[in-house]
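Two complexes are shown next, each including subunit A; its partner changes from subunit B in the first to subunit C in the second.
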Partner chain A sequence: MAKTLFRWLFVPLLLIAAGIVISVYTVNNPTDSLVARALTYDSILKSLREHLWLMLVSMIGAIVVGVLVGIMLSRPKLYYLGRGVENVVNVGQTIPSLAILALFFTIIGLGFRVAVFALFLYSILPILRNTFAGIINVPDSIIESARGMGMSPFRILTLIELPLAFPIIVAGIRTAIVINVGAATLATFIAAGGLGELIVIGLSLRRDMIVLTGASLAALTAIILDYLIGQVEAKVVKWV
Partner chain B sequence: MIKIENVTKKFPGMEIPAVKDLNLEIKEGDICVLVGPSGCGKTTTMKMINRIHEPTSGSIYIDGQDALKMNPIKLRLDIGYVIQEIGLFPHMTIEENVATVPNEKKWPKEKTKKKVAEMLTLVGLDPELHGKRYPSELSGGQRQRVGVARAMATDPPIMLMDEPFGAVDPITRAKLQNEFLRIQERVGKTIVFVTHDIDEAIKMGDTIAVMRDGELVQHASPNDLLSAPADEFVSSLVGRNRSIKRLHLIRIREILSDLDRPKPAKVDTSVDDIRKQLDESDIRSVMVVDRDNKLKGIIGINDLKKKTGEQAADYIQELDQSVTSDATLNDALSVMLECGEGYVAVVNEDDQYQGTITLGDLLNVVKEDE
Partner chain C sequence: MSMKRLLALMLMVMLLTGSLFVIGCEAEEVRDDMLDDPDEDLVDVPEPVDIVVTVGSKEFTEQLILGQIAILALEHNGIPTVDETGLGGTVIAREALESGDIDLYWEYTGTGLITIHGFDEAITDPDECYEVVSQIDRDEYDLIWLDYTPFDNTYAVMMRQDDADALGISTISDLAEAINEGVEAPDPGTWVFGSNHEYSTRDDGYPGLLEHYDFAFDSVDVMDYGILYSALRDGDIAASMAFATDGRIPAFGLVVLEDDLQYHPVYNCAPVVRKEVLDAAPQIADILNPIAAALDVEAMSNLNMMVDELDYLPSEVAEEWLTEQGFIQ
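What follows is the complex of A and B.
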């Protein structure tokens, strides 16, 4: 038990340690006074906290809504609507994330909530699409034999369709995380903070050290989340 | 047991009905095989019995009750269902697959577990060895067995089977068919069996319902179907070589007892005795069994000349294949053809020697028939 827990946490702990090493190094070895003022433990922690909140809130919302709507659209009665939505989603995915933020900024305004909402909408797309596709692609023969053995539509959904679609849904969530972590760094443009703030400050002061600190911490966050979800998936899906 | 009355099924958007005004009655404990070319409506007919497809008009009675008025989920829980692609759930272990219907019926865990092990054993799988595996880890033949075990888990009085032995090689198929008939002899279920293979229909069916273009052409016993086909279509379906098809209808054990065959030699019989036995009769070989009457192999006259040794054991030639006594004469024939020999040894389930069938015996059976 302790051994498996250790294996689970080994990579995340290593990555967190890397993040701490980077932060401590940059705070203690500033190249000049500008860097020293921008990079303090307080500013890094504040940006990281804001960044995590942006990601977590928007991701959890996107997973809940994306999976539920995906399931709904996969029901036989809504199937054709589902196909339509799938196309709209595919088009929506091609809009650049900066454009989405700009769009929301002009419509709703500035701040954390707007950024969360924009990230949420943007991350829903791959999750919704994959949930729909995952359920629709469960072979007919499997659904029919379940039906023929007397399973109700709800039991078929929970015992057959969702478990079989699970790997595809998880793939959608991982895509969403990658998109989310990139887009979250842009939230600073509508005054929502996050690690993007460090990057933007670094860029405007032309100090690479600040940019690299912000960017590497954002990347590490994404890798840790992706790794954890991958572990959950491997734990659940034993049948492939 | 199952009565289909004036049933018509028209799929939306189709001009011609898939099933037209069909009447069919299936007696309790019978295997009724629906046979016909693809698109003849046989699968649709079967799937209307458990209401995967709803009839457009007509009625279906099961045990006197109107199936179309019953709750479809309750109806299906009491009808075993095996479909063409087997439809095993890939994310569940073999045990979990077989436990599907017991779980739907909310059986207590202990009872389900016992039943699952019993069913797996019944279809010839080891619950210890295979139970925890996933369907992707089994061979095609094993998957078909699991499909049958799953359908029979709660002992439903009726089973619907749509080409359940379709996706395996001919030898495995013959084996599965024989095993299934052996099980059916014990459980006596009412079975609707769909196939496009007339040989399978003749072998499996107590009655055969031939369908074409959504209509029932003839419903008769295999024997009647072969001797009195209703029209051109049926006779072209059963084909010209009907006497060979009859071989499907006769089990080896039915003719085995009438055959006069020399006793098999034991592994420790001396060579001289065997030589004497062969010299005195006109046969050219003798089967060899061990102390438990298990088949070890064969010794031919020529083998005795080639090698040296004192006991039968030193001369044994192993046999590539044998058949069980509940296989049909047609199975025996295909084994003979495959091995290129004019005989095949017959054993029981425990591999104990029962006798030998020769090509001559098969010829005699066909001759008597004509």
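What follows is the complex of A and C.
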């Protein structure tokens, strides 16, 4: 057990260690006073914490809403509505994330909540689409045999459709996470902080070290989360 | 040949010779003028130059307008240009200039000093700052700074006019005193300072401001420069950094607090040209220097406001202003 847990956590721990090494190195070897001011343990931790909060809150909301709405739309009664929603979602995904943030800034205002809301909406799209597509594409023959065996629609959903659609739903969630990490770096434009703050400060001051620190931490976050979800998926698939 | 046709023919011949005569006289007059005043040919009959000047700019309004002003003025004086305005920020514009992708863009003396040449200490005297920066660029980069503008687009601290009046604040010292004495903050209820990313960190920005005036805000909201002004207007922040020439300051009912302890460095603006290009077309300096001299704070804020608030295009306001000032016809 301890061994599997170690194998499980080896990659994330390695990546976290890489993040710490990068942070410690850049904080202790600033190229000048500007870098020293922008990169302190406090500022890096603050940005990272803000970034994780932005992601966590918006992703949890997006997973709950995306999966539930996806399931609802795949029910026979709402199926045609589902096709329409799928198209709307596909079009929605083509709007750049910066534009979504800007749009909600003009409507609601600025700060953490607005950024979370924009990220939440943006992350729903791939999850909803994949949930819908995953359930719709379960072969009719399987559903009919289940019905023939006398299963209720609810049991068909939980025992047949969801397990079969599971890998596709998780693929949607992983896509959403990667998009989310990237889009969250833009939240700094509307005063919501995050690792984007380091990136934009570095860019505007022409100090690559600050940009690299912010960007590599964001990239590491995305890789770690993607890996963890992948591991969970593998476990669940085995268990199902 | 009928009589009518003969008459018509004679008339035509007369008209032709007549017009030729007139044109000849005019040509002679022009030549006379040129002898009288050799400078005239620079303005009226541009000499053809075998050089194309690629004009760049950064991405914000003032830079776009200045870029268009340079383009129109050069084109009007017979120097062909390529429009590469709207590059994404100081770093990109500067690197494009160094690599020769662009030949000219307007840069601020303070930005040259701190952002480009990495000085830690700001200079608050316009001439001194200009001298230092232009000398380094001339000696080390073969880049020439033409004359700088009277307007100084420096950093400033601003508040809503109503709040400033109500609290009796007109200088940054007043603001520092009010905060230190625990005066209740206007919207959003705490002393939140709005800043863009650059100002929040740079040596001559927010950290130094607090030190220089010896006070502290409750918190800082770092956001994109473009939304600072509306965030302040809408009460999301209590005070904010600004650029002194931004047209939204008058348009949104905001007010710049006087920098009574001379903290902010100078940011006069000047066209920076690659030496190679200036050598090939030295008249660029003669064209742009008087234009720079005419750009004071009032003129620049007005031009900025026309674009930001009244939705004119940078090229339109540039053309209108140049015409109004008599630089182009």
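Basically, the second predicted complex is superposed on the first by the 237 of 240 C-alpha atoms of A that agree within 3 Å, B and C clash if a C-alpha of one lies under 4 Å from a C-alpha of the other, contacts with A are read in each partner's own complex, and residues count from 1 in each chain.
One rule holds for everything that comes next: a residue touches a chain if its C-beta (ideal position, glycine included) is under 8 Å from a C-beta of that chain, and two chains touch if they have at least 3 such contacts.
Keep in mind that what you see is a predicted model, and the values were worked out from it rather than measured.
Looking at the shared chain after the overlay, A:113 reaches neither subunit B nor subunit C.
In the superposition on chain A, A:155 contacts subunit B only, with no contact to subunit C.
Contacts of A:201 after superposition: subunit C is touched, whereas subunit B is not reached.
When the shared chain is aligned, subunit B comes close enough to touch A:145, but subunit C does not. By the touch criterion stated above, A:32 is placed in contact with subunit C alone, subunit B being left untouched. Interface residues of subunit C facing subunit A in the complex, by the touch rule stated above, are 89-91, 115-116, 118, 120, 194, 196-198, 200-203, 207, 221-224, 227, 231, 234, 236. Listing the residues of subunit A that touch subunit B in their complex gives 139, 141-142, 144-152, 155, 160, 163-164, 237-240. If you check the complex, the residues on subunit B that touch subunit A are 47, 50, 52, 73-77, 79, 81-92, 100-101, 104, 134, 136, 150-151, 160.
Within the complex formed with subunit C, the residues of subunit A that make contact are 32-34, 37-38, 105, 109-111, 188-191, 193, 197, 200-201, 203-206.
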